[in-house]
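The following pair of complexes shares a single chain, subunit A, combined with subunit B in the former and subunit C in the latter.
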Partner chain A sequence: MFETSLCQILFYVLAALAVLCAAGVVGYRNPVNSAMCMAVCFAMVAAIFFGMGAQFLGIVQLIVYAGAILVLFLFVVMMLDIHNESKSRGSLVHAAICLLIAGFFAGIISWVSISLPGAKDNTCPAITLCESAGELLIGDAHQVKEAPAAAPQYGGCLPELNAAAAARMENPSISDADAAKATSIPDVKLLGKCLYTHYNIPFVILGFALLSGTVGAVALARKIRKD
Partner chain B sequence: MDAIINWYNDLMSNEIWFYLIHTLLKLVLMFAVILAFVVLSVWIERRVAGWIQDRPGPNRAGLPLFLLQRWGSKEKQPLKNWLQFFGIPETCWIARLCTWLRLDREIPCWGLIQPCLDGGKLFLKQETTPSYVRKFYFILAPMLVLGPPMVAAAVIPFASEVNTCYGHISMCVANLDIGPLWIFAISGLSVYGLTLAGWSSNSKFPFLGGLRATAQLISYEVSMGLSIIPLLMMFGTLNLQQIVQFQADNGWTLLPLWGEGLSWQRWAMMLPLGISFIIFVTCVFAEANRTPFDMAECETDLVAGYHAEYSSMKFASFFMGEYAAMVIGSAVVVTLFLGGWSIGFGADAALSAYSDWLAVLCQLCMFIVKLLAFIFFFVWVRWTLPRFRWDQVMKLGWLYFLEITVANIFLAAAVLYFIK
Partner chain C sequence: MIPLAHYLILSGILFSIGLAGVLIRKNIIVVFMCLEMMLTASNVALVAFSRAQGTAGVPVYDAQVLSLFITGIAAAEVAIGLALIVAMFRARRTVESSALNALKD
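Now for the complex of A and B:
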């Protein structure tokens, strides 16, 4: 299949670029370089989402992370104008602590991905996950039945219906971004349905957490001015 | 000959090749049209500015006739030969009128050649890169400003769909199910260009300009995204081709005069949709960084803002990026609010019943006419309203637009729920 093989090639290229950029985020001493690497990394992840057929997730990744949050990052970095490049390299203890933290996160991620159903027999973990927990995830069983059962290898073209649900399992942080953009195209519909029915209470709690964060930020910013 | 036709048939019957070929054709067409419109809108801007300020504007530059000699024409004075051909004496009033209109020296195009000449001039200018800039980002920034609007144009439908014997063609480059979001996301990436331009210039005013541009773009992106939610609630889809089809069948968003557009609900929706329109258009102005929102390059405070250190084609990239953003912004407004390619009053369905290709051609013309009209409006606003103050811009974005758009969503929901 032309499409599948192209998708797979693209997936590996994009994934390699994403990993390279992620390494660049840590590796560069100049914070602006790091931030730009992070932007490219986000863009690559968004492109992978696109390749999987989860267009909405990809676009939200671009709008929220690459388009807004990271620009604010860059903003702050430029305002502070940190000259980290000139600093000498850190001590051995410093390196050990960094390694420990990185190892901890790597351990969590690999543990999660290994314990996903379908991860060991080389089928896509996300698809098998959806099939096993489809009803819980989406809410209607009939939609899951419609999805084709044949699972291509990881990185291939996922069936569109499952793509959203699948990708959401990989990226739970999508919830807050999705709030403003709930409309009714298939994967958007699925996301919205799941978010506002099954995960309604966590969603509302998250909303309040964000609101209190905003209010807190305003309060802190106001305090500085005495006039 | 038969072999060629057979080969063509085989090629087009292959689904993948058919897809690749028609997508590539549309891509080239779209790109060419956008670039042509960038040039054209520069000319429109200067002519309309001249008109508003009661001066001619660039109305002279035509195709100079000495080019004919360069291209091998032996005739030195085409006008003289032309007059001789018709038997008109060189001293009569027609000849003098032609000379007065400079027809002996150039082919007049109402000054349309002016932007091309300006482009040529910018190419020939000396390229100076100051020694104190951060070079990589300094070079990257103009690309990041010019590129995104071009990519964002991919989802804008410029005509309806055609059924050919080889398959179905939708007249937009990428018929994504997330049209408006794609445009917001991609054109939002041009923020990077402005920020990096300001920062990498390593000097005071460009930096301030870059920061202002970033803050402004991020602020207005929020209201821009929220303001179209009432529309999406009505359309029930995010696919731009379907959105325009809906408007062709049921009345344009702001002109519901046929189809289901005559219902009470649609007329009641005019209130939230009108609010959406005003806010969205204002946000498009702010996103395109144009007066009254051109805080980032406000001469009185910031010299020239983020591109103060740029020269030659790098400056031209910023310039063209601004106009490309303007063209795309106009195209989005036309698509969402003014019916996109639809001719209106049920003419689309009638035309496509007659011939698909004729319908597509008419719709393309309609889209271009609407686009030109909106670009004119854009320019009109620029030369009519004075620039805001910085605090006013921020106040408008965060204190008024954000609240109004959120309230507007509830209003639209109430209308859709209660009025049937």
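Now for the complex of A and C:
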């Protein structure tokens, strides 16, 4: 119980900090301040990933976004010697209109998320799955067995991570006693298994995209000789 | 535990702040940072969905793989975009988007 409430408090604190730093990215006039705010925002998002049990993505978020991309941004800001943004007339009205659009968008997303079934009464989708399977398809009884995946309570609590089920998924021939001994989800192992079996070819294509991106960046940024 | 709706709201708020930044700011580098923030917001939503749709307490790793791809493509995009910004600075000595008005007059 203590652990659960600690997780909740941490999530809300991290989320508030992430939103605050995101507002700082937009609010600061100096691009270096914006970049620093972005680093903190991405670190907070990485911590939220850790809280969700996605350790590998949290690490990737830290290394790629808060590490590599941020350094690239700072490098370009320092190299180009950019001054603070100039204030122009009518920018206040412009900013107000843009904020209105963004606020409208945030309002729509929040409203849709809050009105998801199960979002308000905090029901867990895994628990209500069996109970609700019967009322999904009333007419055809045999379809109920085929399509129980459409849980109507998907807006509710995330289901607890089940280490035993993950151990069984990783190694189908494991005995029940050994599966019950598992204490944590082998996140990286399962993600790697999925990445290198189902998504092997897209992964290779991603590598080519990164390579062509690097070559393109060098080609674009080099000095063009006039001769 | 935290409901999925709260993760989605966090993702939506981060996305909207990024959208506001893209619309408001004139410095192209900061606009680019806000674009990265929007991509991160979509990552948050994807990881939350991977947890919510998991069977028997095991997350659906397809969503996390997609999120990994988004991160990788974002890295390539940043490299290209910053090279374009450097090229633009060489040509015009500024990185403000309001300076790009050659077709206007």
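To be clear about the criterion, the second predicted complex is superposed on the first by the 116 of 227 C-alpha atoms of A that agree within 3 Å, B and C clash if a C-alpha of one lies under 4 Å from a C-alpha of the other, contacts with A are read in each partner's own complex, and residues count from 1 in each chain.
Here, a contact is a pair of C-beta atoms (placed from the backbone, for glycine too) under 8 Å apart; a residue touches a chain by one contact, two chains touch by 3 or more.
From a predicted model like this one, the values you see are computed outputs, not experimental measurements.
When both complexes are overlaid on chain A, the residue A:8 reaches subunit C alone and has no touch with subunit B. By the touch criterion stated above, A:105 is placed in contact with subunit C alone, subunit B being left untouched.
Of the two partner chains, both subunit B and subunit C are touched by A:79. When both complexes are overlaid on chain A, the residue A:68 reaches subunit B and subunit C alike. Ranked by how many residues of subunit A each touches, subunit B and subunit C are led by C. Looking at the shared chain after the overlay, A:188 reaches subunit B, while subunit C stays out of its contact range. Using the contact criterion defined above for the overlaid structures, shared-chain residue A:213 touches subunit C, although it does not reach subunit B. Legend: residue contacts after superposition of the two complexes on their common chain; A:47 is shown touching neither subunit B nor subunit C. Residues common to the contacts of subunit A with subunit B and with subunit C across the two structures: 56, 60, 68, 72, 79, 185. Of all residues in subunit A, those touching subunit C in their complex are 4, 7-8, 11, 15, 18-19, 22-23, 25-26, 31, 34-35, 38, 41-42, 45, 48-49, 52-54, 56-57, 60-61, 64-65, 68-69, 72-73, 76-77, 79-80, 82, 85-86, 88, 94-95, 98-99, 101-103, 105-106, 109-110, 113-114, 116, 118-119, 122, 124-126, 149, 154-162, 165-166, 169, 185, 190-191, 193-195, 198-199, 202-203, 206, 209-210, 212-214, 216-221, 223. Interface residues of subunit B, counted against subunit A in their complex, comprise 16, 137, 176-178, 181-182, 184-186, 188-189, 191-192, 195-196, 199, 207, 210-211, 214-215, 218, 221, 225-226, 229, 232-233, 236-239. Those residues of subunit A whose C-beta lies close enough to touch subunit B in the complex are 2-3, 32, 36, 39, 55-56, 59-60, 62-63, 66-68, 71-72, 74-75, 78-79, 180-181, 183-188. Only residues 1-21, 23-27, 29-30, 32-34, 36-37, 40, 43-44, 47-48, 50-59, 61-62, 64-65, 67-69, 71-80, 82-87, 89-90, 95-96, 98 of subunit C touch subunit A when the two sit together in their complex.
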